[in-house]
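In this document, chain identifiers A, B, C and D correspond to the written order of the chains, with residue numbering beginning at 1 in each.
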C-alpha cells in the first residue's frame, strides 16, 4: 500500500513577498510535495491555511499516513479545534513532520509539551548539517555532512524534550550549533527537521529533499485507534478482568461508569 | 539550601465523601506533605484548588523547587492561565510530580503532549509494584517489590511519551500491568507515580511515602530562566554572533526584531 | 529488495532432550524461520552453533539484514571472535533480535554493556503479554494482550540499559512483571523479545510468530560502513577540514597518523 | 555523607612528554582531583595505571561513589580483569565519568556496547561548547556557551548509543560538531565529557572544572548490590513466588538450580 503524505503550508509569504514567491512559485508546499513525489510508493497531496477547516478536515486527516507542516507568520490562525484534531490523529498513529519554523506551530508545541524556543539570526550564513546517527532511516542516502548557504541560523538551547534519537546536528558559520533532526513518538512518529527559511532555496537542495523522502517513509504510521477514541479511558469491570477475582473495598464509581477528566 | 516542596490538591472528595474524609482527615495534601516533612532538608507547604488563583500564584510557584499534584474530579476547574503558569515554571526548571489520577490533570497532559489515558477498575484489588531500575534515585530504600491492597487498577496502554526512565512497573491481581513510576525532563524534571486512589489508604503506606520523599529530592530543580522568559526566542544580530562573519542574502526581519509566533 | 533474515540457534536441546525435540522437530531455528517465511519480502535462512565458524562467517553476516539469535546452554561455545564479528555487523547497520534466553548470549550482553540478568522460574505458568506501545511496528496486528501458557517466568529487575522504546510488558501468574519487548540502536537496531522456553510451544503461537515477523521488518538495517571499518577513527588533517583554518599549538600526532586505542 | 570520588589516570604522557609535563605537573589526575576538591562534600583520591591492580582493587572500587577516568595511549594496559571489575561496580551503582580520550577506554567501550569511535584532529583550534540542556545538573553554573582554545577536534559521528540526555554540543573552528556531554545509566550513571587533550590546558579552565564538579555530584551513586552479585540471576522456586500457584509442565531445571550462562 502506498504511503499517503499530506503537505500542509500556511502559504502566506509565497503570495505576499516577492522574494519568497520567486523561490517557491508553487509554494513551499509545492516544493516539499515535489520532493516526496519522487519516491515510489508515496501518494502526495497538499493543503493550506486558506482552505476550509484550514485544509485539515477530519476526512483529510483520516486519509493521511504522514503530515508535513510548514508555518511561520500565521501559527495563530490555526484554530485550537484544528490543532486538537491534528494531535488526536498523531495520538492514534499518524506521523507528523515539523519543518523549520514549524517549531512554533501549535500542533508541534502541543505534541512536545515544551516551549520549542531557540535563538535565531537571518543573515544568509552557511549551515553544515552533520549526520550523527548514520544508520537511522532519516539519514539514508546522505553524505557524512552537507551544506546549505544561505540559511537562517537556529541556535541552542532548543526547548524540546530530549529526542528519542538525535539524527542531525548543524554547525553555523556564526558559531552556533543546533539539533537539526530529531525524532519522538506521540503514538505516531514525530520528526523535526530544521532547514527551510522561506527566502532561501533550501527545499530545492538535493540532500534536503532526500531527508524529506526519508521522513515520509520513516514517520508514516498506521492507525491503532480512531482519532476520536485516541484518549479513551475504559472502565474495565471486575467481572471482565483478565484474571477472575473478587471485587472489594469502598468505591466512588459504578461498573462501566466514565471516569473523571 | 533546603528543597522547597509544594503539595497541591484539588481537595474536594476529602470534604464531600465520608470514606475519603476518614482516610485523609488532613486531606491528601496533608498526607503527602507529612511524608515529605519526614525528610531532612525539605520545607513543605500545601495549596488547594479553593485558594485564590487555585493556590498557585506566580509568587507561590517562584518559591517552589518541586510541585506535587493530586487531582481527580475537578481537573477542569484549574484555569488555562494557571496551567500555563505551572508549565512555564517547569520549563524554567521547577520539578513536577504527578500523583495517581493527576495523569489527566491539565499541567501533566500539557507537559506530556499525549492523551495520558489508561484503562482502570475500582475494585480494591492487590497491586504489586516492582522496581525495574533499582539504582534510580526514585527507588532508594525500597525493597525489590512492595504491595498495596486495596488499590485501584490502572492498565496499559498508558498514553504517555516513552519515559526517559521507567522505574516502577505494577502487577495487578486482575491481570493487568502498568508503568507506575516514570520520569521525563521538560526543563525541570517530571515524575509520574501511580498509587493513591482517594478511597484507599495508600498515602499512609511506608513504601509509598518513601517514594514521595525520593521524588522530592530527585525532581527538585533550580531555575535557569524566569518563568516569563521560559519561551524566549532571541534574535541574535550578525554583529553579535560568536564568530564574526558578513551577513548577506534577502531578509524578512530587521536586526533585533521579534520573530513570529 | 527482500529483507535477508538469518536465524541462528545453538541447536543443542533439540537434539539431546526428548521434550524439546518433540516441541521443535525442525529445531527452534526451524520454527522461527517458518514464521518469518510467512512474510512477503523476507528471505530466511538458518545457521547453528555446529557449523564452521559457528555458522556466522564474515560472508554469512555480510549478506544478512537482520540476525535472530536463540541460545541457552551453550553461550560459552560462541567464540569471542565470532561475538566480535556479530557486534561489528550490528555496529555497521545489521539488525539483531535476541530471543528469550539470548539475554545471556555474548553478542547481546556485549551490545548492551550491562549484565542482562533477571530472575526466573520454570514452572509452566501463565504469561500475559501487554502491548504498552500499540503504534510501534513491533506491535502491528496484535491484540491489546495475548497469553502464553505454559511459559517460563522472567522477572524484573532486568539488567538492561533503559530501552529506547519499551513495547511489551508481561504479567506472570506467580506475581512478577517483565519488560518483554524492548528496542535499542547500536548502529543497527537491537530488539529483545522474551518468550520461547525450549520445553514449551511458544514459537508455534500465532501472536509470537506475528511479533517475529514484525521484528524482521523493524530491525532489518542497511549497512553504513563495512564491519571492518565499523570502529574507524579517522585523523582529519587541518588541510582537509571543512572550514579552512590555521593549525597551531603543540602536537602529539602527525597528520594522518592513527590515534591510540 | 560526603561523595567519594576516585580520579584514575593512565599517567604516562605526563612523565614522558615535556609539553604534557609542563601543562600538568601533578598529572591530569592531579588537575582533575584539584577541581573536585573545590567542592564541599566531595572526598577525592587518585589512582594510576602504575599501581598494583592498576590502582583499581576491589577494595578501592568498593569505597568509591564515582570514578573519573582519563586514558589515551595505554588503554590496552588495563587488564580484562580490571575492566570487568570496574564494569561490575558500575552495574551495582557506582558512577563513571569518561574524560576525553577515555572514549576508547576498555570500561567505557564495554559499558556502551558500541565502538565509541569518532573523527579527530590535533590542530589547536577553537572549540565552543554549547549547553543544550540548561537545567541539567551537569550544566549548573555554566554560561550559555564557553570556549576552549586550543583544543583537539572530535567530530561526529560519535559511535555511542543514543544518550539518555545530551547536555553539551561542541562547535569547532574547522567545521565539525560533537556531542560533548552525554549521560547514560548502566546501573550507576555514566557521563562522557569531551575536553582534555593532554598537550592543552583544558583542565585548568574554570568552566571545565565546574563541569567536573557537577559530574561528581550528578554521577555519584549508591550501591544496590555487591559488585560480585551485580549479574545474579536467581531461580525463584514456585513455592516462593509472590502469588501462590501450582507449578506444572515439563522442566529442564530443578528448584534453585543455577541457570545456564
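The working rule: contacts are C-beta pairs under 8 Å (C-beta built on N, C-alpha and C of every residue); 3 or more make two chains touch, one makes a residue touch a chain.
Quick caveat, the model's predicted, so the values are computed rather than measured.
In terms of CA centroid distance, which chain is the most far removed from chain A?
D
Take the average of all CA coordinates in chain A, do the same for chain D, and state the distance between these two points in whole angstrom.
36
CA centre of chain A versus CA centre of chain C: separation in Å?
30
At what distance in angstrom does the C-alpha mean of chain D lie from that of chain C?
About 26 Å, centre to centre.
Which residues does chain D have that touch at least 2 chains other than itself?
In chain D, 128, 133-134, 155, 162, 164-165, 171, 175-176, 185, 187, 242 touch at least two other chains.
So with touch defined the way it is at the top, what topology do the chains form here? Options are line, ring, star, complete, other.
If you draw each chain as a dot and join those that touch, every dot ends up joined to every other.
Spell out the part of chain C that touches chain D in their complex, as residue ranges.
13, 17, 19, 72-76, 87, 91, 101, 104, 110-125, 150, 153, 155, 159, 161-162, 164, 173-176, 184-187, 198-200, 230-238, 241-243, 245, 247-253, 259-261
Touching chain D in the complex: which residues of chain B?
92-93, 128, 133-136, 139-140, 145, 164-165, 171, 185, 187-188, 221-222, 224-225, 242
Could you pull out which chain A residues touch chain D in their complex?
128, 130-134, 144, 155-158, 162, 164-166, 169-172, 175-177, 179
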